[in-house]
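Each in structure tokens, the structures are laid out below.
In the two complexes that follow, chain A is the common piece, with chain B as its partner first and chain C second.
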Partner chain A sequence: MRRLLLLLAGIPALSGCGLPEPTGEHRNRLVVSSVSPPRTFNPVVARETSSTDITDRLFIGLTRSDGVTGEVLPYLATEWESSDGGRAWEFTLREELQWSDGEPLTAEDVKFTYDRLYLNPDIAASGRDILTVEGETPEVTVLSDTRIRFEYSEPYAPFPRAAALGILPQHVLEDRVDAGTFESAWGVGTDPSSIVVNGPFMLAEYRTGQRVVLERNPHYFERDENGESLPYLDRVQFEIVQNLDVQIQKFRLGELDVIGVTGQYFPLLSPERDRFDFRLERVGPATGTTFLAFNMNTGEDPETGRPYLDPVKAAWFNDVEFRRAASYAIDREEIIRIVMNGLGHPMWGPLSPSQGPFHYPDVRRYPYDPDRARQILDEAGYIDRSGNGIRQDPDGNPIRFVIVTNAGSDTRVRMAQMVRRDLADIGLDVGFNQIDFNALVNQLSFTFDWEVVVMGLTGGPDPHFGSNVWLSSGGLHMWHPMQEEPQRPWEAEIDRIFVEAVREADDNRRRELYSEWQEIVGEQLPFIYLPNEEMIFAIRDRLENVEPAPLGGYMHNLERIAVRDE
Partner chain B sequence: MLGFVIRRLLVAALLLLAASFLTFMMIQLAPGDYLAQLRMNPQIGDDVVEQMAERYGLNDPVLVQYGRWLGNLARGDMGFSFVHERPVAGLVWEHLRNTIFLMTMVILVTWLMALPMGIYCAIKQNRLTDRVLSALAFVGLSIPNFFLCLVVMWLAAEIGGIPVGGMTSAHYEYLSWGGKVVDVALHMAIPVLVIATGAMAGLQRVTRGNMLEVLRQQYVTTARARGLPEHRVIYVHALRNAINPLITIFGYQFALLVSGAALVEIIYSWPGMGQLILEAVLTQDLYLVVGVVLGSGLMLILGNLLADILLGVNDPRIKFGERGAS
Partner chain C sequence: MLRRRLRQFWDMCWTNGFLLSAVVCLTLLYLVALFAGFVSPYHYDNEDRTRSYHPPTRIHVFDDGRLTRPHVREYELTFDEDYRRVFVPVEGVRHDLRLFVRGDTYSFLGLLEWDLHLFGVGEEGRIYLLGADSRGRDLLSRIAYGAQVSMTIGLVGVAIALLFGLLLGGISGYYGGWIDTVIQRSTEIIMIIPGFFLLLALRAAFPPDWDSIRVYFFIIVILSFIGWASLARVIRGMVLSLREKEFVAAARVLGAPDRFIITRHLIPNTASYFVVYASISIPGYILGESALSLLGLGIQDPHASWGNLLQEAMSITQIQLHPWILLPGFFIFVAVMSFNIVGDALRDLLDPQQEVTTTI
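Moving on to the complex of A and B:
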């Protein structure tokens, strides 16, 4: 018994001694967190942000996208020019570029990367789509060690942005490609020293499910204004923390240096800024969109001959007045107040203001006005004739539908529930259902038997890369995907804009075209946009040069982030 | 004894086969597949997704897929994780060993604390210490693990000094050898404490009950009457008999702890099976899910087998392999 008591007494004694303190050089590093472990260190097959957040530091491309403005900037290439009306693009590489193993990086590596990796039909490369225009891929020619030419058969204006794809070393990977095993090369089990990179950091260690450690690449070319070589940091560590509450606690305790937080946590962290030495920076609405979409699919299942969606419902959803009434009925301020703790922004068009140069601010808005919504429905013939509180269409069918969204995204579920209530308020009989994400995608991509959905899409600076959503032939053209011919005049108009804009070399003209597209979307409402959350970052005081932005997050200028001397 | 073990392992193999088949079917029955996430990405073309489906064989009939997987398994290949782009076996092992490590500590703590407490309570039946410990046991039994985990984490964060998630500190590799041991020990403190609380409470109650029953047996009275010292009566004669049912519990506990630990592991970011299971199921990473089920199933079966063997070692009356014996 005495022994037992000793054992019990030992537990608090052990915990009382606190965490052991490290010895030696360890201060010049940044510790951040990642919600899930990386799946691969191969940038060609990397798809999820948990992998690309890391590979983006390891492999850099000819160009880069400015993390704040979304502008295309030189990176491995110093300059580029187009000829033949935007069909040919010629890039000039920096002199004396090196891989992290000291080998020279030349135009041959670039050709190898494009021809044999991204454009290789045997490799499921996620980047291939953005290099393809009207089904065509470019022909790549090496002109000299530092000059390379890409040639399309059709003009491709946004090509410099696509050229940000990471370049990989031919001398290391050629054998794997020849052997047909490239896709499994550089998986997470790889010996870090065998991964040869050209970015500011290289892989030092991956501890399965726990952390990824990057260290400074001594062969990285970039220098700061004073001629000091970048990056400043010796190390960057990604701690894998799945649970967001644990992330916050780890940040408070000083184990993490930067975290992104949502409005929910803002009041929790705000009063603790002095106690735990950090600042909170609000940088504006998130990129990407969340929206309400009505299924307008009038197609039939070719096997059974039955329509995908009840034609009665398809008729309501195809009525633009019906969609406009729905948009007026949504109380966006209330959603921001309740779901986002007041830290959010209403969205009216397909591009978030944070998404850079193509955002068009003057799209049609639908401020909360339930009376107007009711009036629109009345005028369009959706009237409650039986007096039971539910409106009926002119043929007497009660207006009844179900909103679905994916379970697991708390914000999205809560938004969908509030939308349901708002729509019920104007006399529609609306149900709500949450299903598993994969099951929902199955409905959106294959069975097309959904009615109304609340979904989200990610978004970058250039609208062209959303073609799959906006072209009426696109697979993600959710409200009526994969049409052979656009069935609605405004869809034909959008198709025309996208085809024209990708060929247009003049930036101002492209901007005009995409503004026109945003205007049409605002008028026709295939998607009714719901608010975006404010992006907030909590940043430890000892860090310098952290300039978070919605587009690039806090890591877009990682090579310039430094730790202040104390 | 050897024959018994072999027979048990054969049955186990059949069980695992059935489990793998059922898992396979269930994943396939669920709508959607691993590629769903990619289909929703505007920057990944349909042809790339289709190419992946072809490469992973997802377009084949379910039975063909299962047959192929089984064939590979016979050659020692557990399949390939779509999400992680690597063989399942290595992936499962890397996580399984962290879970086994955690569970070994939990079992050590549980038994080292619960057995003495149970025995103590039985000897001091209905005294104040017994009542206090019993009350604590009921509290421990009734608090859900995930809730306790959050509460303890919050407390730890308020007090400071104890890490609130993960297995090692961010500065782990800069620590001395001894520092590393302390670091991992501290990271284990909360999950071990939380999981052990629930397990300990139950075990303590069972120990107490068994002990009380054995202490009322005639041979205990006889031993006492013959003048054996009290500690010999309790620790040698009574305990050895009282412990029999506990060994059966040990086997089940071993398996239960693996599943019970999953929740705590996820909350606490412990890099064990919990993380892997959750992610594999959510992404419908077919072969990984089956691999994880096989891994956990194997633990369950080995746990039970271990318990049976221990039972035989402890109680010579139990014979293996004979008709009527357990």
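Moving on to the complex of A and C:
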């Protein structure tokens, strides 16, 4: 029966390829999947991963981040050095770089890309934030065809990491910028051959909503140890499959070569490894975080003069003992067993161990201890005086709040439901609600009338790029965003650390500073971290050189992946 | 008149096996909903996380080859090398199945607190006749409590829709003129809006801190808000033709007030239609609630409805590994089928010419 199913499913896959292909020519092809279709092929305005997963293969930057270690490596630039205490950065480009149309790639292209695209105030560039330090953007000077200089008025230590933004061709795009239509350039309707790239792959075809096909860029500079030019693959095909369940079924039928899965799916795939010739690689906890956050906003709506959040509730949520009790009450091991099928890792601080060298392992931990949680609440004056099982604060208000998360994220919803129950068990009257993602974002960033939320944030290797979350003036500083002055002493301390760390050139000193920050977060618990899922990749046996890692996924070394002949 | 109809319906039941089974199913489901606390062995939020996805428990009547009291065995959850959940039987531990045991307290009919359950295995063991969900909550108990939501949402919803539909349709048809125009145009506006999207939009306007009971109530209101328009139009048409009938004219000539004419002549004559309408549109409400809860926007955990129970069965993987989580879908199927069969039978009985359609 299974063979019959395989056969049946194989027919549409073959006929989907169109004309019969010459034998051998396109066998060097990798088929992967993407959860949603790309919205643009323009890397400057691309925001969502469904677009950047593709543009990152098309456009490369001066530097790159190692997919495994997170270290900054040379890419278009071979070397760089800083001067003036980290204010000025000089990059040397490789010789004889070419665009995919054969034109030379020079320092002028780099200057064009930064000055006129990423730093252009008329363009909604997603990269501008990471190029900005204390409101300042760099001045870019071309020194020669292969040398370029960036100059800030303040020191910017992690600049080489920011310099990984993709470089775009001046000779193709200058007209569009002059005409003011750059943002709409290279949308999904563009003729693929008009997109001129510098990365290992170029766009061959986009069938709306179905698949994106990339083919190797013959002008790509990189060569392997034996002098053979990269990439090895002739084609990479992104099948757009909106549902992880369907992706798994397609993988089992052999229509996909690699997929990323979570613990829930492990029991389904694991017994089939030998029969379907693939391996499952567990690479450690995911990057990014999921957390429980209490709204500590004490501000008032300037229009109505009413507080965003009931001051009674804000008072509980501002009490660190209250938050600590909540953290002790959460049974993280059971969350891992039930929601992640045993394949997960408890998290205690803002950086996942997978996020590279800045992770600080010794932050304060709050192992499951409901008795301790009850004791903390008792001592802090949250006592059930009326005997109905619900605690009241010292003024007699029953402690009642609702945990909200976005509908549609199964893992998050189930974690929030378990947290709700854990908090109810220590005598709090906790409700649970799911709302639409956009409605939730609206509450978090504009109306500020939420109470408790379970949310997630993505994360990269360098904490500086999380400034928007951690600075008390940041827009994503969820528990009390956009403060004019830090309201809490520990927030002032975090502000100081982030400002100091971005100026600090010495890596060890930066690590010390960020460790201090992680310690403060562990003590003060503005976010109560929930477990991270184990990242698992299912990889077909005939692929070579796939080295999946939490930071870079499986595509970080796509140019070195090869398909073994069978 | 009513008695005669009931009699006819009763006779139909005995000649039509489908109809009889539908009536029996509905009666059973409503009994389960009414006595949910008593029928189910556990409270809907009574969880045992160490028995996550416990498969349906077998009831044994033989122990060591000898006939004994019915009992269940104890199992322990472990993960195998593929991270599949494996329940290993614990040797020598058995829990006798008993009737009328004391357990979780529940409120009986909203009146008194009680802790007597139809069956159970006591404090030490757990019985999962239909299996457990991810957190080790008994699916049977949750389905029984879920029936309270899913089986009543249609009744209450239809009642509200009938109220609006009869009132506005009746006024519109009886008085005519500009009142008719205003009411008919507003029903058209409501009918233009795609029902499910209106549902989602109105749902998004709920404040996040509402508890489940209030959410439940307002979901009904939203559903019936969509449902009344088509009813009002048909009622208006019927009233429009009825008011020209001789018996109405006679009543008017005799000096009967409007109220009398509407309540004694017009509404009873539309009864054949709205009874059929009610029974046929109930499934729409059940499905509407299920769809909303399935998307996570209806009744919220820990409260149960058949729709939010199905939320766990959204993934093929979960169904493959724990097929019993699909059972609430079977209950929705049975309830919807039964209402449709009963509705069809009522239509055959009361109003063979009428075409009844529902909007949700």
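Please note the rule applied: the second predicted complex is superposed on the first by the 542 of 566 C-alpha atoms of A that agree within 3 Å, B and C clash if a C-alpha of one lies under 4 Å from a C-alpha of the other, contacts with A are read in each partner's own complex, and residues count from 1 in each chain.
Here is the rule we go by: contacts are C-beta pairs under 8 Å (C-beta built on N, C-alpha and C of every residue); 3 or more make two chains touch, one makes a residue touch a chain.
Quantities reported herein were computed from a predicted structural model and do not represent experimental measurements.
Once chain A of one complex is fitted onto chain A of the other, the partner contacts of A:337 are limited to chain C, with no touch recorded for chain B. When both complexes are overlaid on chain A, the residue A:39 reaches chain B alone and has no touch with chain C.
In the superposed model, A:271 lies in contact with chain C only, and not with chain B. By the document's definition of touching, neither partner reaches A:114: not chain B, not chain C.
Judged by the touch definition given at the top, the superposed model places A:436 against both chain B and chain C.
Look at A:527: by the touch rule set out above, it reaches neither chain B nor chain C.
Contacts of A:242 after superposition: chain B is touched, whereas chain C is not reached.
More residues of chain A are touched by B (comparison of chain B with chain C). Judged by the touch definition given at the top, the superposed model places A:80 against neither chain B nor chain C. Chain A residues in contact with chain B (one complex) as well as with chain C (other complex) are 245, 249, 408, 436, 439, 443. Contact residues on chain A toward chain C in their complex (touch as defined above): 244-245, 248-249, 263-268, 270-271, 331, 334, 337-339, 341-343, 401-402, 404, 407-408, 410, 413-414, 417-418, 420-421, 431-436, 439, 443, 450-451. Interface residues of chain A facing chain B in the complex, by the touch rule stated above, are 1, 4, 7-8, 14-26, 31, 36-37, 39-40, 42, 45, 47-48, 124-126, 128-130, 132, 183-184, 187-189, 205, 207-211, 213, 237, 239-243, 245-246, 249-250, 252-253, 255-256, 408, 436-445, 455, 457-460, 465-469, 475-476.
Residue ranges of chain C in contact with chain A, taken from their complex: 45, 47, 49, 52, 79, 81-85, 134-135, 200, 204, 208-212, 295-297, 300-302, 314-318, 320-321.
Listing the residues of chain B that touch chain A in their complex gives 30-34, 36-48, 51-52, 55, 83-86, 90-91, 94-95, 98, 112-113, 116-117, 120, 150, 153-154, 157, 160-171, 173-176, 178-179, 182-183, 185-186, 189, 266-269, 271-272, 275-276, 279, 282-284.
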